[in-house]
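Both complexes shown next keep chain A, but they swap its partner, so chain B is in the first and chain C is in the second.
This part shows the complex of A and B:
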């Protein structure tokens, strides 16, 4: 986009210096820094640790200097497995939430912009979907299909689409008749261009905050599905499956098997929720 | 708008939602790849059994006719059969729902007991110790995996302190005379205090787990609305009139807060009554959620989808009741 002749301020993206400053601001937000740390651990941690499936000398060894988080009933090192599992859990959570945004955000914006029967139909469909308890609905679908990671991602994304649809719809609705949107319409822009260039940038903050919550939620659903035995199966390192593997030992004193993977879920989800709060209250 | 018209309009909405809900479960069973007959009778069934199911469900007919048949079955109360328990699903669910209702209702009462007062307190004293504590607890409650929380509570109160009984569900030596199916209530009705103590002891850990998880969003909503209300003009006027703070909070602010909070309560209760899969699973609580899980483990999908459908209907119904209640007590909804 170029500056217009009559000196009107052109709609350019932020200049680089302001972008760098925005990045600096992000680093001053504690939850964001923790999230960055978790992502870095997930990305690079596995390179420094051994095979998550490697068997050690002792089964159910208590946490020690050799095995920081102890070993499980198969004698695998729990610390190694918790770090490796971060990859799968974060990846599934991120992709599922991203798919849900990609489907829900345009649909919600379109529903608000067009209104009428299209809006009503989409709203009723999402209300019906949201009447189902998320986990039970996911369980129902998993039983009909055989569970694999792509299927799990699709299901988690599907149950999250209505959230974005309604969120974007309610954020876009007050903008539909805003002056700048009407001006764009007068200028002869098509509805998709208007939505993409003029409307959606204005709601992105709300959606980003929700995205962070949603990644957290997706991770919780994945862990829950694995915990009840229809998601990821042991020995694949996944936090929910690992909690399930340790559940029976919890009451017999080998608390570390289920404790640490659960703590990993809690820490990740808590951080993502805090990041959402920071996006909402900050900037 | 008169009440009757309002209710009938809301019922019409609910019918639309129910149509959507039934469509979803129908699509899941019938339209997904694979022969649904195998879903129903299991992969081991012989060909004649499969053929019989194809015949009964009308799988050789068009999708449209299949859907009509499915709805007709649902309306006659036929949810299909479970081959794991070899009972009609409606019978199985009828036997298990009281357990879920007992657990869900107890959890809701416990959740309300801690979250609403705490939320109000933290809104009244911003940035105080109790506000910060409320923030931390609700943040944790929203983020904690409930199945893991259940395990931790078991580790502490059963494994270590030995205060709570083993997580073996609702097993009493002697079940009190069956009136409501809720063991605690039945025991009270029968004045059987031993049975009441045993039933309550088994209930307390799973209910507390749920209460913590469900209470967190309730606390946030209460705090949010309370802050908003306390900053509003009518509270300022009340202050200017010199009304004591206590009565401002209890008589002027609280009614305005409880109304929107009750919507959240309805959502939570609808969720709890639909069967809380994870907590029922951890504590072997024989409710709808555990029924669904056990059926999944046996690849018995008809009970799972029936449970899914019923919990969605329960949710819609609880939500409808709350809307009607709002209509009756809040004049602003009547415009």
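This part shows the complex of A and C:
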């Protein structure tokens, strides 16, 4: 995570001992390891499992040795589907959060650095976006447009941009008048050089902690949109859609259809939030 | 010889007739307000000249406008401040109103500055050597390797032991004195003609102050650069600089050769400032009575009139102009 800051140090590579210590630090962060595990499962799990759309002999079969998580109303294997869905959910979450950072971080930094009307304008725009409950806003835009995966990614990113904008802005603000920034100006460096080299690396920790939280948010939003029926549609494997599909069967005692994808969301979101804590308190 | 060029046609002793390295004339800077009032004017017509290869101190209490003058010279006035009047020239080239691109080349290039708190002046996330190399790269267009080597050389010249290794350290690994040496290395990295040192030793331990001060003087001398040393400590000014300018309430009250000025102050404010420092040694502190006036508009009288022991009715009539008296300039009607 901090590699961004390190990578920019010109012509200075850190001694290998320091790098080894960084790796050691990483392993002392349990949530980070769990997240790594989840990502690995999402990446490689599907290769060991069958087609998530393959129909089995029984519909709504309870968990067994054959179907670890049972089967759903279409007779598809839920375990296979939960693992496959991890790909889509993580990918959408990650890309949406990344887009939000890419847009929000520079804008927020610029807003703090420039100040004045530019700052006010950006703040008002992000406030008006944030005035809507995130989910409602996303819901509104998705229903107005056609719900496809790229559209969902863009919308989830959009509703997260104000978060980064404000976060970066408030992190940059105290740095704008820091002595080393003034010193950099006095050394004749340009505005963008100063922002890129001297201001942003100093806020990367906060922003990356938020990034982890935001991937979690993005996953929740995607799942929620699918749950209310405007996101991903069944039978595409996606956790939120699967919970939706299974919810109807809860009352008949077929709890496994909704429970396992729900647990997947819970585990992923909790892990991502915990990682954020580790970034904040670590190093 | 009368150069006849300056605004008052004053002979400036050594180097007379030459254009000084830095000329500040009638510099007036205001904050906020407009015609509707509510404006404060912290610089009320500052005039000073720093000749080439000369060390000049800018002495005054806090709030007298020393640092603001430096900011104005660098074209980096704080938000809300603007130059209302006056001129700042670097070897005859007007800097007020110069475009940002030009100013950026001057900053760190021909005019460098070092601040009071060296550890805050260095970015915590980059190596010290890397930051110095960056400045060299920005101004000289030298390659990475070359600027890196020059940075190490500079650190070495500033007396940092094992400079090559220390260049890869971060500022938190430096002591205060070391950090100030590194800041000096950065300031001198592009061979500036003028080094502005804004209270360079105030943030350091007393034992380090002298060392760092000596280093600054030595390096500035060796490079034939000029130094504008901003300090509240007239003792430091006396010991390091051949020229002195005493500021009070946004104006220069007296300037001239340090020896001459400190031996017999012509302006009562300078005298009071000297007394305040000299008497500390005798166990009793002399304080100038009263406080610095708030500069919420143009002055109408001598700014020191309310606190001056020698005040008379003529002091209230107008703001005293800087007048040439012997080798110095004094702003006092009684001088």
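The rule is short, and it goes like this: the second predicted complex is superposed on the first by the 266 of 283 C-alpha atoms of A that agree within 3 Å, B and C clash if a C-alpha of one lies under 4 Å from a C-alpha of the other, contacts with A are read in each partner's own complex, and residues count from 1 in each chain.
Just so it is clear, contacts are C-beta pairs under 8 Å (C-beta built on N, C-alpha and C of every residue); 3 or more make two chains touch, one makes a residue touch a chain.
These numbers were taken from a predicted model, which means no experiment stands behind them.
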* Contacts of A:216 with chain B and chain C, given as first, second, both or neither -> first
* Looking at the overlay, what does A:250 touch: chain B (first), chain C (second), both, or neither? -> first
* To do: With the two complexes superposed on chain A, say which partner A:274 touches: chain B (first), chain C (second), both, or neither.
  => first
* Scan A:117 for contacts with chain B and chain C and give back first, second, both or neither. => neither
* To do: For A:265, select first, second, both or neither according to whether it touches chain B, chain C, the two together, or no partner.
  => first
* For chain A, which side has the bigger count of touched residues, chain B or chain C? -> B
* To do: Give one of first, second, both or neither to describe whether A:65 is in contact with chain B, with chain C, with both, or with none.
  => neither
* Asked: Of all residues in chain B, which touch chain A in the complex?
  -> 16-17, 19-21, 23-25, 28-29, 32-34, 39, 139-140, 142-145, 147-148, 151-152, 154-155, 158-159, 166-167, 271, 274-275, 277-278, 281-282, 289, 292-293, 296-297, 299, 301, 304-305, 307-308, 311-312, 315-316, 319
* Name, in rising order, each residue of chain A that touches chain B in their complex. => 124-125, 127-129, 131-133, 135-137, 139-145, 216, 220, 223-224, 227-230, 240, 243, 247, 250-253, 255, 258-259, 262, 265-266, 269-270, 273-274
* Asked: In the complex of these two chains, what residues of chain C are touching chain A?
  -> 74, 76, 79, 103-109, 112-113, 115, 117, 120-127, 129-130, 133-135, 138-139, 144-145, 148, 168, 183, 186
* Structure fact -> chain A contacts chain C in the complex at 5, 8-12, 115, 178-180, 182-190, 193, 197-198, 201-202
